[in-house]
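Same chain, two partners: subunit A is paired with subunit B first, then with subunit C.
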Partner chain A sequence: MNRANAPAASNGERNLWSRRLALDFRAALVVVAALAAAPLVVTSPYTLGILIVSMYFALLALGWNLLAGFTGQFSLAPAAFAMLGAYGPGLFDYQWHLSLAWGIPAGVVGTAILGWLLGRVVLRLRGPYLALTTLSFAEIARVVVGNSYDFTRGAQGLNVPTLMQSRVGYYYLFLGVVLAVLVGLYVLMRSATGRFWLAIRDDETGAESRGINVVRYKTLSFALSCAICGLAGALYGTFSQLVSPELGLLLQTGIVIAMVVIGGMGTLTGPLIGALLVYLASEWMRGFGNVQMIVFSALVIVFARFFREGLWGLATRRVRVTRRTTVAAQ
Partner chain B sequence: MLAVDLFVNGLIVGLFYALMAVGLAMIFGVLKIINFAHGEFYMIGAYTYVLAALKLGVSPWIALPLAAVAGGAIGWLVERTLMRPLYAGYASWSIMKDEYAVVVTFGLSLLLINVVDKVVGPYPYRGPTLTESSRFAFGPVMLNGQKLIAAAVSAALLVGLALFIKRSLWGRQIQAVAQNRLGASLAGIDATRTTSLIFVISGILAALSGALLAPVINPSPDVGAFPAIKSYVIVVLGGMGSVWGAMLASLLLGVLESFFAVYVSYDYRDAFGLLILILVLLFRPQGLLGERGREL
Partner chain C sequence: MKLLRTEGLTKHFGGVAAVEDLALDVDEREILGLIGPNGSGKTTALNMLSGFLAPDRGRVFFADEDVTGAKPVTLARHGLLRMFQTTRVFSRISAIDNLLTAGLARGLSESDANERARALLEELTLAPVMYLDAGQLSGGQRKLLEFGMCFIAPPRIALLDEPFAAVHPVMRETMAGFIRRRNDAGHTFLVVSHDMPIVVELCHRTACMNAGRLIALGPTRDVLHDRAVIEAYLGSDAHV
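The block that comes next holds the complex of A and B.
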């Protein structure tokens, strides 16, 4: 496939999807800008820590959304890849006494390769079969890491050196990574690659019959998505200075799914605001007797049942309607 | 003679697995979805049994049917409120059907775990046994009274279910809907009511499984995760949607696991089943029995 066959996004004839994507991206940039300004107001290290963790979840949500929202591959393994990524710096330090400059890239490359392999393995599987296989992969990864006492110290976890002492420094590091991932996703989704992913999501057989290399683009999506989760995990490991198999619990995957579904699947802003809102609100609700998980799991069901487009979709519903009426008026 | 002991105890574990997995297989057979909240049906059964016996002070033999009622009720409620979009006239939803099912059942699983955690508390309860007896040796096999009775109840339930599906009118309707929902509707079968029935039966069986095991597992809110994962393995191994395949695969997995735990590795016994799941899906997706097993 070459450029010529892709919808002519570059010719100035911008179709509805690229308009929506551009709007989506701009809104995501506004959120990032708001986050960038936040340390001017928020100075307590505790609140900054909460924001950092919420950005960790935003990275996982963006990574998972690339696979589930854009490519239609409903994986249940994002938390497992975050755990595997976090063990990159953990193991490099513990086993071989190599610095984080080796460990973090190793975590990212390792999860990218594992993600690519998983993508190869599950190529033919769809829907419930895919969900079960990725769930099994995630649980096997957690059991193996948790039981290899000699290599990973098992459930005790590993201590990881920190990148820097400054909370604010970490805050901007995470924010920079979120921004880089957003820009990267936007560029990809604008390009032919993004269109192919969407085509595979909407109709895999149809996409293949139009000459799209489904194998290549599906495995690419798996590798990228898992690498984003791995990077998030590796950075989070150095921030919390402890990695353990708990990072890969299925519950964590459930939280990531909740964030994306509430925010809006298949968008850029959706996972971002979903992660921030869910995590910040859950910290806030801790004060009211730990009801946050009840509220969010109920919200996920309500959103999946009644508001499938999520918060971002609800917010832009009106935008789309006005566009449609202007087109009709013309 | 360790092998005989492992074999018999593996079979008994397999019977408990079967109670869970058969319901999951029936749901898959009819709706082609995996119910990720199935472990929570089990958890609710275990809690109903334990709390009815400890807090209300009823006899365990009355608490057992109470658990079944609770399981059936939750199954009915889930079908009524959440499963209807999967089939009843929501044509435009068909593209996202798989995603909807995963999100909703996954969310439901989290919801039930956290509600129970909040209402009952996170600490495990010790369930009362159906009979007081110490361990005894039956030949080379070590057993105890509770285990024997629970196994007998499970076996009776499974045989009853098999007869129900094969012989009764409702059972035949379930078979028909699983084979061809549209065809069954055209023949005058109420497919919606049949789907409700399947969820009620699944809920009852999973809840009874939890109740029977309550004295052993000491229920805590997340107790359902473990048997749920076992039943995913079993449903895949038995051929997705096949009830007979699921029964056979449960016994097989029970025995294989009990040998694996002793002879290969105790720590990795849970990963073993999941590895089977991946391998079966990749190399023999039709399951052990193949296409024949598809008949519900």
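The block that comes next holds the complex of A and C.
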């Protein structure tokens, strides 16, 4: 049988981007609903704290995935943008005694502008050159923040005021932001903008030749991705009440990439479940010594080699196979 | 009316003159063939015409407007569209999504793009594979898909680079029929090809390049019998 003619049209319709995205979004909403119910059974402040940090990473993973998974721009700077976003409320409070109502938006807008600028700088770079340039930016940002003692207190870090004392309150704040980012990404990915990002990911020259303004959509993706990371960092800063250059370590970026690769790149559910599973597993593995990065690095190799679509891709593939088998049996 | 015209178009790569002083014109509603041996500068010329390469010297006029150095996205929006020798489709989304994306990029509404995409898939015999990711299609099907992406919103001129290369004869006929029908409807083409029977069949006029220079331009049969063209293909010892 001609492989190209294999799937029946009715089943094939599920491969339409709008259908794939809708299924993906519904699954992400199920994960969010499960998280919303979690405090009913999880009451320990320590465990809630772990879940809050998982959601911080989920935001970074969603932000990075917008750039790498949907637009095909492999950046090594998500953690650096989270750090810069976190310094927004920190510096506004420390330097100018301005409240978080100024500091958090400043962190988000500042990282969006820096992301846009970085997007312009790396516009014509691809592959390893793009990755190395974003890595250089990330390291420069971290070193500058760490060495500007008079302005940032250097490696000592800055104390940041908290938004609230309630851990449950923080939990739902992070969950609300995760939900808002998911809805925003879903709306964007359903629109022409999302389709143009996918086109740029798959073939930049082809996209340009079809009339897609590659410069505009790539820089928009950079700006939005970095703003999401900045927002995550700004909120995390107020939660932990301390920001330091360590937030921008390359190791943190490595964890974010591992989360997205394991969960499933180019999807909404993948980064979410990847972040939750990887961070929760990482906490669980603390009892076995410092082995987390070895385990996650090995998993990334296995997923990159054998399961490129990640856990979400594996799950949807399994559903498709089950459906086909059921139809064939009938 | 001359829809596309070049004056003294020149591009050098280091010491090599890829295109030298090219003066070409394409009439509205015409199919102009562009032939020449490998390395004669056809693709470089096409790259300059479609904005992917800036010329060192010379001008490009599209509908009497100087568009030298204009970006591909600007030219595409003005209706000058390009098909590549190596197909450029969006491999991880379905064939119909490729067409929808191309339609939205050309300013169509989603419902318009959807309607036209389905009609094109039927016409190009791609309906049975419309839900497959473009990366899963055969080489010929991808070429047909690229035709569809070019024509989801009819261009004023389509520049086709080797559309018939390494394509199954049935698909080649589908493509040729598509070009013929669109040309009958008033569309203009510039077709780069090594497939002489197709060039003879489709092209009203043909231009031949060799070593970066235009060596012949005129009615297709006259060009194919031109001594300079025969020598360019077969060498100077060739006997006609």
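The criterion applied here is as follows: the second predicted complex is superposed on the first by the 302 of 330 C-alpha atoms of A that agree within 3 Å, B and C clash if a C-alpha of one lies under 4 Å from a C-alpha of the other, contacts with A are read in each partner's own complex, and residues count from 1 in each chain.
In this section, a residue touches a chain if its C-beta (ideal position, glycine included) is under 8 Å from a C-beta of that chain, and two chains touch if they have at least 3 such contacts.
Quick caveat: nothing in here was measured; it's all calculated off a predicted structure.
Trainee: Which partner does A:Gly211 contact after superposing on A: first (subunit B), second (subunit C), both, neither?
Mentor: Only subunit C is touched by A:Gly211; subunit B is not.
Trainee: Taking the superposition as given, does A:Leu314 touch the first partner, subunit B, the second, subunit C, both, or neither?
Mentor: neither
Trainee: Would you sort A:Asp202 into first (subunit B), second (subunit C), both or neither based on which partner it touches?
Mentor: In the superposition, A:Asp202 contacts both subunit B and subunit C.
Trainee: Which holds for A:Ala33: it touches subunit B only (first), subunit C only (second), both, or neither?
Mentor: neither
Trainee: So in the superposed three-chain picture, is A:Leu135 touching just subunit B, just subunit C, both, or none of them (first/second/both/neither)?
Mentor: The first partner, subunit B, only.
Trainee: More residues of subunit A are touched by which chain, subunit B or subunit C?
Mentor: B
Trainee: Where does A:Asn147 make contact in the superposed view: on subunit B (first), on subunit C (second), on both, or on neither?
Mentor: A:Asn147 sits against subunit B, while subunit C stays out of touch.
Trainee: Looking at the overlay, what does A:Val168 touch: subunit B (first), subunit C (second), both, or neither?
Mentor: Neither subunit B nor subunit C is touched by A:Val168.
Trainee: Using the touch definition from the top, say if A:Trp17 reaches subunit B (first), subunit C (second), both or neither.
Mentor: A:Trp17: touches subunit C, not subunit B.
Trainee: Please identify the positions on subunit A that touch both subunit B and subunit C, taking each partner from its own complex.
Mentor: Subunit A residues touching both partners: 202.
Trainee: Within the complex, which stretch of subunit B touches subunit A?
Mentor: 28, 32-34, 82, 85, 95-104, 106-111, 114-115, 118, 225, 229, 232-233, 236, 240, 267-268, 270-271, 274-275, 277-278, 281-282, 285
Trainee: Give every residue of subunit A touching subunit C within the complex, in rising order.
Mentor: 3-5, 7, 9, 12-17, 192, 195-196, 198-199, 201-203, 205-214, 266
Trainee: For the complex, which residues does subunit A have touching subunit B?
Mentor: Checking each residue of subunit A against subunit B gives 68, 72, 74, 76, 121, 125-129, 131-133, 135-137, 139-140, 143-144, 147, 202, 250-251, 254, 257-258, 261, 265, 289-291, 293-294, 296-298, 300-301, 304-305, 308.
Trainee: Across the complex, what residues on subunit C touch subunit A?
Mentor: Subunit C reaches subunit A through residues 50, 52, 71-73, 76-77, 81-82, 84, 88-94, 96-97, 100-102, 104-106, 110, 128-134, 136-138, 141, 149.
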